[in-house]
Every structure is written in structure tokens, then in C-alpha cells.
Amino acid sequence: MGAGVGLVALSTGHPAVAALGFAGALLHVTNHALFKSLLFLAAGAVGKASGTLQIDRLGGLARRMPRTALCFTVGAAAISGLPPLNGFVSEFLVYLALLGAIVSLPVVPQSAAVLAFAVLACVGGLASACFAKATGAIFLGARRSPEEAVPQEVPAEMQLSMGVLAAACLGIGLAGSTLIAGLDPVVRQFSAVSLRETAALGGLTLVGALSAALVGAAFAAWLSVRWLLRRRTVKTGPTWVCGYPAVQPSMQTTASSFAQPLILVFKNILLPVRHQSGSSAAFPAALAVEEHCPDPIERFLLGPGVTGGAVAFSVARQAQPKRVQSYVLAIFITLVGLLWWRLG
Amino acid sequence: MRAALHLLLFLVFPPLLMGVINRVKAAFAGRRGPPVLQLYFDLWKLLRKGAVYSTTTTWIFRAGPVVSLAATLVAGLLMPLGGGLPAPFAFPGDVILFAYLLATARFATVLAALDTGSSFEGMGASREVTFSALAEPALFLSIAALALARQSISWTSILSGQMAAWHLFGPAMAMLIGALVLVALAENSRIPFDDPTTHLELTMVHEVMILDHSGPDLAMILYGASLKLFLLGAIVVRLAFPFEASVPGHVALFVAGLLVYAVVMGVIESTFARLRMDRIPQILIAASVFAALAVAVILVRVNA
Amino acid sequence: MLATLLLLPIIAAAVSLPLGSDRARVLLFRLVALAHLALVGGIWWRPPLPLFGGYLALDAPGLLVLSLGSVLFAGVAVYLGGYLDRAEQRPLRIFVASLLLLEGAISLVTACQHLGLFWVAIEISTLSSAPLLYFHHSGRALEATWKYLIVSSVGIALALLGTVFLAVAATDGSGETTLWIRDLMAGRALSKPWLHASFVLLLIGYGTKMGLAPMHAWKPDVYGEAPPPVAALLAGALTSCAFLAVMRITGICARAGEAPFASSLLVLLGLVSMGVAAVLIVGQTDYRRLLAYSSVEQMGILVFGLGFGIAGGQGAFLHVLNNALNKGIMFLTAGNVLQLCGTSAMASTTGLLRRAPVTGVLLLVGLFAGVGLPPFGLFISEFTILRAALAGGASAWPAVLYLFFLAVIFLGMCAAVLPLAQGEARAGELPLREPLSTTIPPAIFAMAALVLGVYVPPPLARMIDAAARQLGVAG
Amino acid sequence: MNVSLDLALVLVLVLCVASVGTSRIGAAIRYFSFQAAAVAMVPLLIETRSGEISVHAWVLFAMTIVLKVVGVPYLLNRSVREAAVRTEVEPLIGFGLSLAIGGALVALSFALARQLPLLQKPPSDLLIPVAFSLLMIGLLLIVSRSKAVTQVVGYLIMENGIFLFGLLLLETFPWLIEMGVLLDLFVAVFVMGIVIFQINREFDHIDSHQLDSLKD
């Protein structure tokens, strides 16, 4: 989206907006590399420790694997573009480009920029929803899997690699204006204006500062709570579920139930597939409902397109001439055709 | 000096709003209702209490309220209060940082809710996430409209200074305020979208997420919620009352505006009932449409 | 130097006929092929003098096609020993003689500076390649030979007519005409309608020899039935000679100021060939027919490249070299596959990587080179042609179609060849013995393809530029 | 206006159209040999600027007579006799239709010829159109006949057309090329003869209609 805004701005002669767009796009590529690999490493760690990658059979891993949980949460927050981390910085640049486009570009790209702006916001919300679900279902709550597979924390070197990536995410988040020095030479190749003249300079420095402020404030609040509770009694007990006594892990919100309201909202885009079995009697002996959302693009667009193409090709192959007369006929027709077309 | 006044007003005033709203609802219900300063007493009481943590929770549960309060506080640093008090930090693009800080706060609260492992908190979290995903476009479209109208992308320059916007974009401003009010109601989980007073698990959204918090954590959450209400209110108030005045005049105007805002909020809460869960997305999409229309009108005006 | 180069194979063909044993004939063929390669090496080092009153002289394009031809012949010569040992024993008298005659004819084609003589040389090469197809004496081979003969003769006849038309186009006021490439390229006044007609006829005639669609139908039959080393020669060397012909007439058209006319036809036929190849490659079941369609596609790319002036010409010349190497790899490997597993139907042969590791690897290298993946030379040439198409062409549609067809062919080829190499070997199939002599030549070709992909040696680059300039309008 | 030349050309055209119409292979071969004879006459009838017929023309005349009028038909008849094939021909498209298409092709040839103006006057206005129609009908024969021999006849008729075109450049062209044409023609027919002979040994008939086992 960033590159798109950049190109549109270049075509309408607004180098400043273009510089922002390309800077955002390029920085996001690096950031994406960081937090996506962090999330995958964490997923690998979870897979190694618990033996399965089925989200509905995980849960409560944070107790046994606190450091992996921390890294995964940092990764999740980064990918959702939340402030103290690097995801936000690059998305911030793209937003700046979009806002710049909204303010200064001619009317048609302007309205496109407004649409893009709203869509990016909605996507940001959905991304944080998706990764909140992932973090919650995997690491938080009580363990859903049977007792014997007790997950252990992964060995140190795995944690180290994840830690480094998480630190990098936070580092870029707080880096602020130093990023400009890195980005500027690259962006200069795209647009004449240097990043320093655009809004990015002021923006990035303050974003870095305020992210630092956020981390500082959070730390201060953490200390104050600890200080407040030092003389108070801190008890632990079962989760207060409005008094319901027999709480089992399976009663927790699973990943699919967490996503269910969202699927409802986007029902006619996602087109969820629902399998229901079991009798519909008043007290059915066994009832099973399973619902999942296969990727609609693949199901309706790519699938039929490819199979259709393959069938068409094989039909063409069968219809191929096999006798030598038809070979010569082909030459004859080409000859007459071309002569007629070019001479007639 | 003005920054100090800004911080003081921002830190002290918000709990009063909650008190006013509850007082208005009580008046509607024909009862005296809790004293206006009730929230201050609650906060003071909670801060001096101990805390009970569930066995299934981890450090994330403790970090939830802390991070959400910190994020809301930093967001406050970006928001100018009325015409007179510019925000301590203002830079092009702070509108984005403001919105995403609120998103961070929400993310932290949701994670804390999921950590408890109770199905109610999970349900509340999933609803909160769904509604906010739909509210964000409305908020961002309003920001776009304001940016377009005021040709700037920083809260301070949008909201303070000569607000000559009314006569130029009259209708658009009205729609903007409508959309922003709806967003504020959704974000602060007021009646039409969520019921802050209920304890019936099936209906709660925001309340259920903070079920398991206690002591200082609960205090932080309540204080954070009031701050958020105050911030969103500041935007609406400044748009609703765009009059010019001297600095003290602005401050007085702003405080009065907020009180009116709180009363209006209370009136809305007592005259509406909570909507069915599947109606809420429709209302939020309506809010986005309002904001989009506002943008369209402003686009025409700006380019005409 | 040039005379020895041309006469050597023809004399050897004559000598090989009365030779006693087949083994001696194969040895003779190997010696001649390697000597031919050495001679060509010498020529690269010191360009030869024109011969026979200018009728025979090596210019840049001729030398390029000659060198790729002799490289292929050398590779096939080394390969032939191992192949013939395991093929069922047949008298080799005619086979080796026509192989040598083919090599002589190809050398003659590349050296011709007179279009009439050029046509005769192409005719000889066609007739000398016919017996090679009929080596296995099976019903299917006979059918392939018959079809090849009929279609090629029709093509050659049209080419002759085109040459005559060109001569008529070149007659000036005084009734004098010429078919010297030198004169025609020197911007001689050519009558437009005759030139157009001659270009159409020559393009269709030599296009049939190249296997351009819609005249391509003989290729799958011929390459499917011919013994793989012969198919390698046909696909690598013979088609390149036909390409040389098309290149020369495009140059003449360009010099006569008819470049747009020529390029519109070239681009049309190029895209049609790639389209037909794309449609017919997907879902192909026989490995050698798959290679035939890949050859049709490569010819389409070559002609497509020619349609875009000098820049496209550079890409085309680099492509003709890469194509020859690539066809060498794939057909010789096909020969190994055929002999290891008895059939070229892909359904019944899987898991080659396990059972015959070297052949499996070569198969994969051939596939990736053929489909134009980066480290190999074909990528560079296809990329140059694409750049030329985007820069030169009036509209971007040809380039878009070009890319689309390349993508479809990529899908079709990989879907067909990958299971061949990677699938699990069926139980009980023990690893197969791969004689050295049949695996070294394709390996050498693969190395050459890799080198060309990474580094084009300066003399070769200069030669390609010189050749491509012939397609330009000026000087 | 060289009347005798035009006469010869018209004769060639008529014989060519007749060969399309015939159903018997023997007749087709005979028509071809007559046609070849007429074609052989043409180089003699073309008045060269110098008035008398050049040696080159005589050599050509002799070559054509020996090869095309005598040699090739003998070979083809031998193949037909050996294959003991039913003489009549079943074309892929009916005779009426092939004649109609033949006529259309001749018309097309005349139209195309009009597009190709010559700098100096050709020996006869008919030369180019007739040559074109020979070419087209030769191709038509190859495409529409199923018997291998008829296809070869079609190929030879096409070769005649090209020979006529070659005559346009009678004076200026080195005779090397004319020789090349005749030689190649002979070799081509010779090889095809062998192949036909092999075919009937392999398939006990020379109907190339059956040759369609190679497919994808």
C-alpha cells in the first residue's frame, strides 16, 4: 500500500508524499522480516515443547514457557502495529503517506487514499484481533491438552534467538529519527525529496520518544502496583467465573469461538463451511458441529480457474490432428492466410 | 505553565465525569444516586486494598492493566484540551499514534482477560475485539475528514486555533460529531453498545474483561477507562463548541463543555436499552458511513 | 581452414561407407566430430578467409550457429558409443554416413553467403537427416519419417519459392538481380510487394524447418520416435540453421526498411508458437513429446526476439546458444531415461533421483535450465528479449502474452518432469547402472549452460553484438 | 504477345486441374507427365532478349524431360504395381468439392498475381498466375488425398509451379540453382519411393490414411 501511494504521488508530482510512501513500504519490509520470523520461531518452540501445533489442544503454555510467551506476545503486538514496537513505526510512515495523499493529492487519488486509509485501519484492528486470539489460545488460560504431555521451556539457544529478534523489534520501535539516516539514501532513488524535509523527521523522533515514554510509564505503573501491594495480603484462588464451581479447561474460549463474532460480521465474505452431524431429536445422543472457513479466493477463484484450464488444455490436446495431411493443411492455411493478410 | 495546567486538568478531572453520568442516570431513575465524587473514593479505596490473583494467570494478567493505563496516559499527552490548552507533544501524524495507543491499551486488556481462562472473559474479549475492529474505520475516517477540513494531520492544529470550520463545512461537522459520539459510546462501553453496570455474563463486553481484576489493578483499569472517556470527549466537545476566547475563557468553556457532554451521555444511557449483539456491528458500520459521508462533503467543498 | 572444415565430414561420410565393422565407423565419427570441434576452435581464434569466390564465408551469425552445431555433434559423438552398445544391434552403415553428411550439411549452411546455395544446403541437411529417423525400423519410426519428409519437403519448396521471389524483388531496372547476402544487406532497392511475398514464403518455409507453430505438428512425432541423440541434433543444430535463415531474411527486410512488416509477422508467429506449446505441454504424458513442445516454445521465443530489432536480436542469439545446450542436456538425458526404464512415458517411470542419481540430477538441471530459471543462460536471454519487447514494441501486449505463456509452460513442464525425478521408486526396482560415456556429455552441456548463465565470455559477447547488428537498419 | 507460350501455360493449367479431378492414380500420374512435358517446353518458348534460345534453356529442357516426364512416372508406376493397390483414389474430400476448391485457388492465384507488379514486362502475363495456381493445387492435392502416391504427385505439381517461377529469372540466374532444383526433386521422389515401398511392406497398402498411430 505504501509503495502504491508512493507511485501515485510520483505520478501526480508530490515527491514528499512519495518519499513517505516508499520509506514506509521499505521499512515495513525489514520490520516484517523481524516479527514474522520471531513468530515462526516461537511457533516452532511451541511445536517442539508441546508436540502439537493444533491451537485448540494448546493453552496455558505461558506458565511453563514464560520467555517464549513473552517473545510471542512481543511479536504479536509488533505485527498488529502497536506503538512501542517496530510494526507501528513503518505503519506510521504509511499512514503519514496516506494522510499526505488525502490532504494534498488531486480528487481521484484523494478519495482512493481515504478508502485505503479506512481499510488499513480496519485491517489493523483485525490483525490485533487475530493475534490476540493466537496469543490467548496458545499461551494463556488453562492447559487444554491431557496431563501427560507437560510442555517444558525450550533450550536456551532457542530462547536467545527469539529474544534477539524481540529486542530488535523494540529497538526499531524506539529508534525514532535514527531510522531516517538509514532510509534516506534509499528513498532518494525514488523521489527527489529527502525524508528530512517531509513530516517524517518530526514524526519519527517524537514517536520514538513517546514509545519510550510508554514503556517508562508502564514500568513505573508496574513498580507502583508492586509498591502498593508490598504490605497488602496477596492471595491466589481459582478464577472468579461468577461463582461457577466446576471449571474445566475445555470450557475456555477456544480460538474458533474467539473468532466466531468476527466471522459472523464478515459472514458473506468468508463463506464459512459448516458440518453438522447427529440427530436433531430433543435429546440427541451425539451431536457434532464443525465449522471452518477455507480461503474463499482459493475456493472460488483459483481452484476452478486451474482445473478449468487443465481440462481445456487436455481437450485441445485430444483434438490434435494426427494425419500428415492435416499437418500440411496447417501450412497451407497459414500460407494463404498470411499472403492474403499482408498482400491483399 | 499551560502544559502544567493541561496535565493537571487531564489527570484530575476525568473521574468526575463518571460521577456526573451516574448522577444523571440516577436522577432519571428517580433516586439520589451516588455522590459525584464516588469514583475518587472507589479509586482511593482500591489502591489501599490487597489483590487476589487467579492460579491460572501469568505475568501477562498483571501487565494488562499496567500497560493499558500507561498507553492511555501517553495518548492523553497528544490531545489538546479545548482551544486554550495545546497538547504537550504535537507533531504531524500524532492522530495515528493517539488511535494506536488506544489500540495498545485494548490489546493489553484483552490479553489479560484471556489469561484468566474463564469462558466469560474470553467471550467478552472476542466481542470487544470485534466491535473495536469495526469502530476503528469510523474513527480513522473522522480523522481523515478533520485532516481534510483543516489541512493538517496533528491534533493540536486541528482542534485548537481558529475553528472556522463550522460555517464552511456545517453539515459535515454535524455528521462528524455524530460518528465520533457513536465511536466514543462504543469505545467506552456505554449503554447502546455495552452495559457498564450489569453483571449478567452474557451481556457484558468491557465489564466482563475486568471481572477478575482486584485491588490496585482494578483501580488502574477504572481510572484508565475514565481517562479514555475524557479524551474522546475532548474531541467531541472541541468540535461541538468551536468558539474563540482567551486562555482562561477556553479552559472554562472546555470544562463546561465536558460537563454538558457527560450529561448528554447520561441522558443517552438512561433513554436507550443495550442493543442485541448482532445489531451493534450494523450501528458501527453506520458510524463509518456517517464519517465517510462527512469526508465526501468536505472533499467536494475543498476541491470546489 | 574453411575448406577443410567443410570437406572433412563429407569425405568421412564417403570413407565410412565401405568400412568394415560398425565399431570402426563409430570411432571414425568420433574422431571427425572432435576434429571438427578443434577446427571451429581454431576459427574462433583466427577468422578464416572466404572461399570459393565468396560463396562460402563465415560471418558472425554463421560462426555462432556453426560453433553450437559442432559442440552438439561432439557431445553426441561421445554419447553415441554408450548409447549404441545398449540399443538393439542394427547395421550402422547408413546411420553413421548420414550423421557425417548432416554435420557437413550444417557446416555448409552456416558458411553460405548466397541464399540460393543456402537453400540447397538446407535441403541436403533435411535429406541427410531422414535416414537417421528411420534407425529403429519400427512402424512408428516409419510414420515419423514419412511425416517429416512430406512436411519438410513442402516447407523447403515454399522456401525455394521465397528465394525466387526475393531474387525477383531484387531485379533492378536493367534486369540484373542478385541473391548475395552481402548485396541484399547493402540496402539494395527491393520492390515492396515481392519482398513482402518472399518474406512470407521464406518465413513459412524455414519456419516449417524450425518447427514454428502452426507448422510444428511434425515435431512431436519426429522427436518422439527418433533415437534421442539424433533428436538432440535435430532440436539443437538443425533448428538453429533454420533460425539462421529466418534471421538473415529479417536482416534483409530491416535493411530494406521493412522492419515493422517483418516484426509484426515474427511476433505473431512467435506468440502463436508459444501459445500452442503452452496449451499442449500441460498434461503431457510422454517425456520426449514434452521436449518437442518445449522446442516449439523455444523457437517461438527466438522468432519473438527477432521481432524487436537489435536488442531483441542479441537476446535471440544468446537464446539460440542456450537452447542448443539445453536441448542437448534434455534429449541426451532422455536417452538415458529411455534406456534405463525402457519407456519415455512419464507415468511409469518415477523416483529417478533414487534409482539413477546422476540421470535424475541431469533431468532436474535440464528442466530448470529449459524453463529459464536464473542461474542458467536461458534466463538471461529470455530476460533480454523481454526487455527489448517492452522497450521496442509499440504496445505492451506482446510482452504480457510472452510472460503469460512462459508461466503456463513453467507450470506444465514442472508438473510433468518433477514427479519423474522425485517420486518414490517402486518397490523392488534396484538402482540402475549408468555408464560414464552417456552421462559425461549432458553433464558438460549442463556446465556450459550454467557458465553462460553467469558469465558471457567477451569474444562470444562481441560476436553476438556483431550478429545482432545485422538486424539493425543502419550499417 | 507470345501466343505459343500462353498456349503451353494454359495447357499446363488445364492438366493440373484435371489431375485434381481424376480418381485413378494411373491417370493422375499420366496427367502429371504431360504437364511436365508442357512445362519443359516453356523455357524454350520464352524469347530471351538476345532472340535465340540459350544453352541453358536447352539443358533445362532436357533435364525436365528426362526426370519429370520419364523418370519419375516410371518410378511411381512401379511402386503402384508392386503395392498392387486398388488404383482408384478415395480422397478425404469428395471430387466435386476438391475441384471447386481448385477453381477457387486458381482465382486466388490470379488475384495474388495482380498484387505483384514486375519492373519489366514478364515473358507472358499468364506465367505468374499459372505458377501460383500450380503451387496452390499441388498443396491441395497433398492435403486432400489419402494415397501416398497421389501425395507425391501433388508435391511434384507444386515443384513444377516453383520451376515456372524460377523461369522468371531465366537469363540472369546461374544455372546452378536450376540444377539444384531438379536434383533435389529427384532425390526427394526417390526417397519417397523407397518409403512408399517400405510402407506397403509394413502396412500391406499405401494408404497413408492409416498412419495416425502417433498421438499425444
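A few points about this structure:
Chains here go by letter, A, B, C and D, matching the order in which they are written, and residues are numbered from 1 within each.
One rule holds in what follows: a contact is a pair of C-beta atoms (placed from the backbone, for glycine too) under 8 Å apart; a residue touches a chain by one contact, two chains touch by 3 or more.
The structure displayed is predicted, hence computed values, not measured ones.
The greatest centre-to-centre distance from chain C, using averaged C-alpha positions, is reached by B.
Averaged Cα coordinates give chain B a centre that lies 95 Å from the centre of chain D. Per-chain Cα centroids separate chain A from chain D by 73 Å.
Computed centre separation for the pair chain A/chain B is 27 angstrom, with centres defined by C-alpha atoms. Chain B and chain C, compared by their mean Cα positions, are separated by 74 Å.
Annotation for chain C: residues touching 2 or more other chains are 146-147, 150, 154, 193, 197, 280, 284. In chain B, no residue reaches two or more other chains under the touch definition. Along chain A, residues 317, 320, 324, 326, 328, 331, 335, 339, 343 each make contact with two or more other chains.
Taken together, the chains touch in the following pairs: A-B, A-C, A-D, C-D. Across the complex, chain C meets chain A through its residues 146-147, 150-151, 154-155, 158, 193, 196-197, 200-201, 203-204, 208, 214-215, 217-218, 261, 265, 279-280, 282-284, 408, 412.
By the touch criterion stated above, chain D contacts chain A in their complex at residues 92, 108, 111-112, 115-116, 136, 139-140, 142-146, 151, 208-209, 211-216. Touching chain D in their complex are the following residues of chain A: 317-318, 320, 322-326, 328-329, 331-332, 335-336, 339-340, 343-344. Within the complex formed with chain B, the residues of chain A that make contact are 59-60, 62-63, 66, 69, 73, 77, 80-84, 88, 91-92, 95-96, 99-100, 102-103, 106-107, 110-111, 114, 117-122, 124-126, 128-129, 132-133, 135-137, 139-142, 199, 202-203, 205-207, 209-210, 213-215, 217-218, 220-222, 224-225, 228-229, 232-242, 247, 249, 251-253, 257-262, 264-265.
By the touch rule above, chain A contacts chain C in their complex via residues 309-310, 313-314, 316-317, 320-321, 324, 326-328, 330-331, 333-335, 338-339, 342-343.
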